[in-house]
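One structure below.
Naming follows writing order (A, B, C and D), and every chain is counted from residue 1.
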Amino acid sequence: MKTDDDTARRLYRLMVTTRALDAEATVMQRQGIIPGYAPLKGQEAAQIGSGAALDLARDFAFPTYREMGVAVAMGVDLIGYFASHHGSWHGGLYDPLASRFAPINAVVAGSVLHAMGWAKGEKLSHGTGVSLAYFGDGASSQGDVHEAMNFAGVDDLPVIFFCQNNGWAISLPTERQVAGGSVAARAAGYGLAAEVIDGNDVVEVFEATNRALQRARSGGGATVIEAMTYRVGPHSTSDDPGRYRSIGEEQSWALLDPIDRLAQQLRAAGADDAFFESARTDARETVETVRTGLVDMTDRPLTELFDFVFTNPTPRLLEQRDAYLSNAYLSNEYASEATHG
Amino acid sequence: MKTDDDTARRLYRLMVTTRALDAEATVMQRQGIIPGYAPLKGQEAAQIGSGAALDLARDFAFPTYREMGVAVAMGVDLIGYFASHHGSWHGGLYDPLASRFAPINAVVAGSVLHAMGWAKGEKLSHGTGVSLAYFGDGASSQGDVHEAMNFAGVDDLPVIFFCQNNGWAISLPTERQVAGGSVAARAAGYGLAAEVIDGNDVVEVFEATNRALQRARSGGGATVIEAMTYRVGPHSTSDDPGRYRSIGEEQSWALLDPIDRLAQQLRAAGADDAFFESARTDARETVETVRTGLVDMTDRPLTELFDFVFTNPTPRLLEQRDAYLSNAYLSNEYASEATHG
Amino acid sequence: MAETLSMQAAINTALDEILTADDRALVFGEDVGTLGGVFRVTDGLAAKHGSDRVFDTPLAESAIIGMSIGLAIHGFRPIPEIQFDGFAYPAMNQLITQLARMTYRSRGALPMPVTLRLPSFGGIRAPEHHGESLEAIFAHVPGLKVAVPSNPSDAYSLLKQCVADPDPVIFMEPKSRYWHKAEFGQPAEAAARIEAELPIGVSRVVRPGRHVTLVAWGAMVARCIQVAELAAEDGVDVEVLDLRWLKPLDVAGISASVGHTRRAVVVHEAPLSAGLGAEISALITENCFDSLRAPVQRVAGFDVAYPAGPLEDHYIPSVDRILAAVQRTLEYRRG
Amino acid sequence: MAETLSMQAAINTALDEILTADDRALVFGEDVGTLGGVFRVTDGLAAKHGSDRVFDTPLAESAIIGMSIGLAIHGFRPIPEIQFDGFAYPAMNQLITQLARMTYRSRGALPMPVTLRLPSFGGIRAPEHHGESLEAIFAHVPGLKVAVPSNPSDAYSLLKQCVADPDPVIFMEPKSRYWHKAEFGQPAEAAARIEAELPIGVSRVVRPGRHVTLVAWGAMVARCIQVAELAAEDGVDVEVLDLRWLKPLDVAGISASVGHTRRAVVVHEAPLSAGLGAEISALITENCFDSLRAPVQRVAGFDVAYPAGPLEDHYIPSVDRILAAVQRTLEYRRG
């Protein structure tokens, strides 16, 4: 691999942490600590390889609702990230500007245009930053993705359209979703560069992302990367994949597990037990921190129901807020929180 | 040419009629007979070649607002067609079902999905009909076009995506509109067949459309045809192309005039003055009929403001209608029309 | 005789019967086929009626509605689903400029018997965009009709009426009520009864009362009944009107009710400003000005983005907020 | 001192000054660059400020708004145009689920100082979809503000306020008034005057009166003044309120006016049902119940698709229909 050993080890650690957090999230859902979650198991390489390639000093990522691994790779505050699944705040409680990681977005394909717009801003500012839009095979059917690619092509914008083709959009398999069979094949129609990569090979993902970043930074415009991967778990904790796909299919992908694969390579390159043990330990620590953070997480103060609708709120909204907060039928707890919060 | 001589003559006559009507429409606009019009001069071959290839017993066309030539080719009631430009009725006064020609649609790309849906219906009905969606280079930027192509590709639907690339979308030239430079090049990304054709060669358009029809009828799915042509006139009677393009460009396209080109071929193949004279005479007759129809066209009766909103109207709408029609401040003329109409 | 059934099952039954009775009817959308829908509302229909009649589409709401229009032009009777309220927005152009206007544009030549099933409203602690109330937008659009059931029997019969109607209807399913079971007559009986008694656009007094009318739809109907029961303990006799149709609105039914109670409170989940409560309030004032003893009160969602779980109960009109509004109308004295 | 200017020129002047004063401001949309817009509102701006500041986009409204959001995240102050009211629908998803919510979703970290210029309303005998009134939809969406000028001076100053505001605003330009000239102070003076006197959300009494309040916006303001002049001949003294802002609504201003006239008629072009007139009627009743001498009347477009030219004058509230409504409020007697 061209990627140096240190980097590979870093990617490995990030993947292990992501896998552990992902598993824990499902546990927390079962335990009632968080109401729902969209597992990414199997997609760690696609997310870590791309997210870790970004330069936090100048790039910007636009996630969907399944990019926890990217958040890990980019060093996003993870308790803040999980706050969204915790139901505390749609979009999460981390700072999207400081993190260079836009708020979690549940509208499929909704944020792809934002990445394009950010790239337009970067180009107008003569910067060398790049935006990276995450989207799924299902999202590729939305008109917004097409419009974003076309705008990016017309203006040679520094944006990476990063499709995690994980085989499924809830119950619809890719072959019923993506006419022609490949999202990356769409790129040529817009004059964009494209790569179809093994999304379960984190080094390949990392290097492809770096190539695309390089292209964009040097004025070469946008790239579509289609990372072929697989959503090993259910669409979300309320989904039942048994209704639409076979155990056999799921098991065949288990053989391609991105973490096992890199582990073998690292071992061959000399990583010892201590390294693997320390990766596991670190992961366990992160999991504990996040878990504790979520268990301790309190509901947002009631004022926040009203606080962020506008930067300059309307009088009517302030009236609604004041009337509600001063209402006798609110528990004292809330009322005092509202006053003090 | 493979197309037989009779067909070529038929296409020629249709083009001449279209050209004459188109010119007259601008005259009528200047004379205040119709408030506005979108000229198609220069695009006669693209419109006639495609429209004339359709089988009115089983196919269905979905026009935009500039397909007067297609209406001519398909034998649509032309006074009814022009009623839309006359301002009598958005969508026209012809019967869209009997004409196999959907109502005129002013939302750019809006009807492309309808053609796809109609094709889905045809496939579910095990028919051999084909739908043909007209759209422009500008429309190709809309997400709806992408969604339609993707759906058509996933289901192998019998639909033709017929793009008249006329170089301009109002003031935006194709190179600033279509990333990658070609709408047809998008087809591969959806696994669709595609042809880029000389849209000013009516025989080529006719034959390409026939090939695509054949493909669709025999289960081969959708085709994207990109007919390269040029909008010789303004975008509409209220547009001023001098603000965004040069006379030189306009003149260079005049040399590629589709009617002149076919005329030369027909002459070479033996057509005599009498033929050309009779084409002109027929065109003049059609123009006269349409002109007279439009001059005589009265406004729609006032009841029609309310009549077609629903098939089963709501009580409130009927109340609004009755209250308004019975109102003293309506002129007697209207009131009586409303009662009798 | 009367078994109980959930609304989810009642809608499933209606769809099954519609597909059996009319071979032009089609059910489609995201995940409605093999999976049977994320709420299992279409469970079993693809297996029974085949994938030509009940099918999954790619993930594109604009295309789902645009395809419905093309299918209707071809003569089909499409019953598309959009998976959640918040994902109807990408389809707005096709819904408003196309579906709602094709009948008008074609002067009746192309009727649009399309029923869009839209799981709607909040109350299930869902992620962003999964708890929205779009009725004010739909009701404002000429050419669209809007129906909202509050219970399984109505869900069954309203859906059948919507599909039978030649006009496009948005059928908003209150997802927080999907799993609530209620009495449900034999389908055939229910259908016959409802069709005889309640034509399109007619509301139902679900609890008669003398002192104040609560106007509601969807999940708010059950909440208003709760309010009525609590108010009854204080001797306040609340009438609850289940609108069932938001377009056409039952102006006569609303006016009749408020005409005798002389006080009204409208309750809805959507944000207050320019919500449908405004229309109903305006209508009541226009029609019952003389009898009204207090200004019509509105209890609605606040003018904020639909919030995450823990704040949801503060957003949706609570029993307390509705009771307080009832109280305000009763205590109102011209000053 | 006071020259006259058309609204089209006033908006052009405001944009020019905004682009000069703030290098983060960008003007873009379909045909706004080289052509200067189909109404020439952006005429000359690309030539003067360069194609990095004023540029044409491909033909995709969803992308225009989505791009604005990305630009705002980057720190720009986007002033996109959508060419006509009826073509805002393809952008609804980006407007409602994204632009309107990004501030909320990001807890204020990503303010959205986006002003969408939207040539709006009817009255110009245009083709289908070129004469629509979407204010009720926008006003219902938490996170959006809505402004509508009725004259050149207001167009100038309102637009500047909108662009300066950190929140997304839909700036609806009444296209039938683009070419109407009116008095226009020196820009600088006008700006100073307006900013001092009329903050965001404040309406203006454009004609004081004692007997009935007409509430209007956009092109309907001029029509209401006509009505007032005609009514004056019969001794009826009509007050005309130009709302200017549809969100925030000037509840205090409306209530004050109706509080003293005790009668109100709301006038708008959009269809009646669930139109913004309903909200205003409801608000008036809620705030002025005791003083009201007649139910608030609404004069609006009918509940029909916006019609073709010759029927347009029947659709848009006419002087006669407004006068009749004024008459109804004056003649109203409790029965």
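Observations on the structure shown:
Note that contacts are C-beta pairs under 8 Å (C-beta built on N, C-alpha and C of every residue); 3 or more make two chains touch, one makes a residue touch a chain.
This structure is a prediction, so every number in the text was calculated from the model and none was measured.
Using mean Cα coordinates as chain centres, the one most removed from subunit C is B. More contacting C-beta pairs link the chains of A-D than the other of the two pairs A-D and B-D.
In this assembly, the C-alpha centroid of subunit B lies 39 Å from the C-alpha centroid of subunit C. Chain centres here are Cα averages; for subunit C and subunit D they lie 31 Å apart. Centre-to-centre spacing of subunit B and subunit D amounts to 35 Å, using the average Cα coordinate of each chain. Among the residues of subunit B, those in touch with two or more other chains are 89-91, 107, 141-144, 147, 150-151, 154, 176-178, 304, 309, 314, 316. The set of subunit D residues touching two or more other chains comprises 58, 60, 62-63, 86, 90, 93, 97, 104-105, 128-129, 142-143, 247, 249, 273, 303-305. Note for the complex: subunit A touches subunit D at residues 60, 89-91, 93, 95-97, 102-103, 105, 107, 110-122, 124-125, 131, 143-144, 147-148, 150-151, 154, 304, 307-312, 314-316.
Contact residues on subunit C toward subunit B in their complex (touch as defined above): 26, 52, 57-58, 60, 62-63, 65-76, 93-94, 97-98, 102-111, 142-143, 145, 165-167, 200-201, 247-249, 251-252. On the side of subunit C, the complex with subunit D involves touching residues 62, 86, 89-90, 92-93, 96-97, 100-101, 104-105, 128-129, 136-137, 139-143, 247, 249, 270-271, 273-279, 281-282, 285-286, 289-290, 294-298, 302-305, 332, 334-335.
Partner subunit A is touched in their complex by these residues of subunit C: 30-31, 33-36, 38, 56, 58-60, 62-63, 86-87, 90, 125, 127-130, 272-273, 302-305, 307-311, 314-315, 318, 320-321, 324. Taken together, the subunit B residues at the contact with subunit A in this complex read 141-147, 149-154, 176-182, 185-192.
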